[in-house]
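Read from first to last, the chains carry the letters A, B, C and D; within each, the first residue is number 1.
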Amino acid sequence: MNELIRQVTEANRMLPQERLAILTWGNVSGISEDRTCVAVKSSGVDYASMTERDITLTDLDGTVLSGGAPSTDLPTHLALYRAFPSVGAVVHIHSTYATMWAQAGKAIPCLGTTHADYFYGEIPCTRELTAEEIGTPADRHYEKNTGKVIVEAFSGRDPSKVPAVLVKSHGPFTWGPDPATAVKTALVLEYIAKMAYLNKTLDQSAPNGISPALLDKHYCRKFGENAYYGQKKSGNTAR
Amino acid sequence: MNELIRQVTEANRMLPQERLAILTWGNVSGISEDRTCVAVKSSGVDYASMTERDITLTDLDGTVLSGGAPSTDLPTHLALYRAFPSVGAVVHIHSTYATMWAQAGKAIPCLGTTHADYFYGEIPCTRELTAEEIGTPADRHYEKNTGKVIVEAFSGRDPSKVPAVLVKSHGPFTWGPDPATAVKTALVLEYIAKMAYLNKTLDQSAPNGISPALLDKHYCRKFGENAYYGQKKSGNTAR
Amino acid sequence: MNELIRQVTEANRMLPQERLAILTWGNVSGISEDRTCVAVKSSGVDYASMTERDITLTDLDGTVLSGGAPSTDLPTHLALYRAFPSVGAVVHIHSTYATMWAQAGKAIPCLGTTHADYFYGEIPCTRELTAEEIGTPADRHYEKNTGKVIVEAFSGRDPSKVPAVLVKSHGPFTWGPDPATAVKTALVLEYIAKMAYLNKTLDQSAPNGISPALLDKHYCRKFGENAYYGQKKSGNTAR
Amino acid sequence: MNELIRQVTEANRMLPQERLAILTWGNVSGISEDRTCVAVKSSGVDYASMTERDITLTDLDGTVLSGGAPSTDLPTHLALYRAFPSVGAVVHIHSTYATMWAQAGKAIPCLGTTHADYFYGEIPCTRELTAEEIGTPADRHYEKNTGKVIVEAFSGRDPSKVPAVLVKSHGPFTWGPDPATAVKTALVLEYIAKMAYLNKTLDQSAPNGISPALLDKHYCRKFGENAYYGQKKSGNTAR
């Protein structure tokens, strides 16, 4: 558990270092190998002063096992852990370009191999939550329902091949096998979100994706059965 | 008073650190708890060499109590302190994206939850000052009238729920209970101003705001009666 | 003369520090008080290794008095010193947004008070040089003729009130009473060039300038006869 | 050979320093003077931990002489060394603006002298690879065929005068006489790619290039027979 807390602390610190979050924005969580315990940043903690004591441990229902009040977004993280068994860590940020696409309510199209090297196709955007799903200011259904619309958006998609989503009017979530990888995915997401914005403003009529053959090639040379990117020892984990 | 000067000095120094101001641009002021004395950056002072001795103290009419000539924008700050009793500090900057919206003469629409987490609705833009209100190069009515059009723009709005404004053709002012919070609000304003620009250039026909339910939810989970963002001890001040 | 060399060296070093130039791009010169001697960066010198020995001294005809081959742009600087007696220093850079406006062949309109605080109206763009004025690859008329079209563009304008120009398809020149001020003007030019780009892409149909009353007010409260910006001792030099 | 490895290591390290690459993205190679041996970054190596031991040596067929698995892009580098005898080093990156132009499938037009100072005309973009040229996820023809379409795009062009290309849907390659120069060219490419984007979004109907006379003048004053940019000793190598 100490190792999980260490990894989650370190991954949270990466957010401001990689310019993915300012102030208290953003949070990273990780789940224990037996999937009984989740470590997440406590709510409203400033990155500058954050230590391992600012990580809260909860069970999969969100009951606090140790630490302060967890990030308000925890119920969304928990919904993803429950629905996606391959996910070991979740990141939520408000990085500029990815959040802008979420505000636009548009999926980020796969416009090049930089995207295809990490995501097997477009980054989907959820539907809008209904007023009922948002609920009243005081109840606590909103964050859980945010998880629900994410899971809906992945109906028919493999979350391990597209480890990111945009929540409409809100911002991105990314995930991965461990906290550091999930943060790297958030960094790549912001990078491709910026390039896709530039492409769309340069030429609104541009095609909306690369050829299936090129998508297959780039994704599979890193993550497919016969992946040949990276050193043999580390296999296809060179993400 | 020494504590006020210290806070105002520190908040002014945050402006270049957070890339909100270059050269001598921008100024932060704070008002004493009894609302008789205002501390503000002296006029034309470079941030690199600024010390507590570059803070001027004045009364609410702008009469200098100690220090050099105050920021030329002081009369605008004073107008806000007189009109908005909840305001403890005022910031004026020329940050790129917020100033660009001011130059466009357009309110910044609330396009996502990043905005709704800090501002309960759009950031209004003032009307243009008339030639009479601008006055002659030598008289000193302009800065006071800038305050007047800001106060006008908040007719029917609660300045504590929307702690920022754009002055047409000029730039933003933000405020808050204390200098550090007012500067953080300026940082958030610049962030959402950039995202709103990106959204509008990606898709000019995009809707101009999020749903009222989502706005209520995000603003109120941080600042409402039943706020649940942040740690219990610090209540809803986790801004 | 040593003081001039020191100021020119320091001002050249400011270019990469303020992100106004990469590699060997950009050059700053200064003229002696008696206007007989010009100090300028030597040609092709990298900023990282630049010392005072990389400053070349020439007379007003460009004859080298000491140092290596001067910047190839020297004849343009000399043309400005000859035509504009109030100019004590000249800066040439390829900063991103100002250069982009020069490539567009468009003047930068005065869209707000940030602009009006430093420039009394739009930043003009020169006409295109003719093929004859450009000349052959080997002759040396081009740089001198670049000065000629700048001077043409200021026919009827006061170069001390608009201390910057865009050379069509090339980039900006700025000037001022001394090298440090001319570099600060280049920094402001890049800042307002970016904001004007953002304004024009946000709303192509936006008006092309602020009101004459507001332009007068902002420019004159800093630089007019009754200027009241800055501290009394330093007068209106708080640029 | 040690000197080549040292230069290639240093040039790879420049990529993140100059903000041309994040994570493991990008690779620089160099060829020995006798053109029998190529040094290239090993595949999937992180810049933060890279040492000279992360450089792989191969022959011109890609057979490893020493070190780990080479960058997956090596076959593209080798195709360029075989086709372009003047090329001593090759760089491949995914820098934001140049990659965006590659994703758009558009050549970068020469819109100003900043471009003309380094590239004698537009930066071409390759055609799309066919599905056959891309091949299956497991075979290794794709990277070689990427080299093939680059060489095709330079039919009738001199690669020493336009030392850069955009591979459609992928990203840029640059080259030069040595690794450091090839990286500087990548830096300039990204700079002009950004300015060209800004120009095209400011004014879609703008002309697509500068006059031939101006292109000749700027390119030839640095690289022509009678070049006069830079210091005599270093000739026209002041790139």
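Keep in mind that, in the parts below, contacts are C-beta pairs under 8 Å (C-beta built on N, C-alpha and C of every residue); 3 or more make two chains touch, one makes a residue touch a chain.
Worth saying up front: this structure is predicted, and the values here are computed from it rather than measured.
Chain C maps onto chain D through a rotation of 90 degrees [Cα fit, steps of 5, range 0 to 180]. Among the other chains, A has the CA centre that is most remote from the centre of chain C.
In this assembly, the C-alpha centroid of chain A lies 33 Å from the C-alpha centroid of chain D.
Touching of two or more other chains is recorded for residues 201 of chain B. Contacts between chains close into a ring here, every chain touching precisely two others. Taken together, the chains touch in the following pairs: A-B, A-D, B-C, C-D. The part of chain B that touches chain A in the complex is made up of residues 111-114, 184, 187-188, 191, 194-195, 198-199, 201-203, 206, 210-211, 213-214, 216-217, 220-221, 224-226, 228-232, 234, 238. Those residues of chain C lying in contact with chain D across their complex are 22-25, 42-45, 68-69, 72, 94, 96-97, 99-100, 102-104, 106, 128-129, 131, 134-135, 137-138, 140, 142, 169-171, 197, 200-201.
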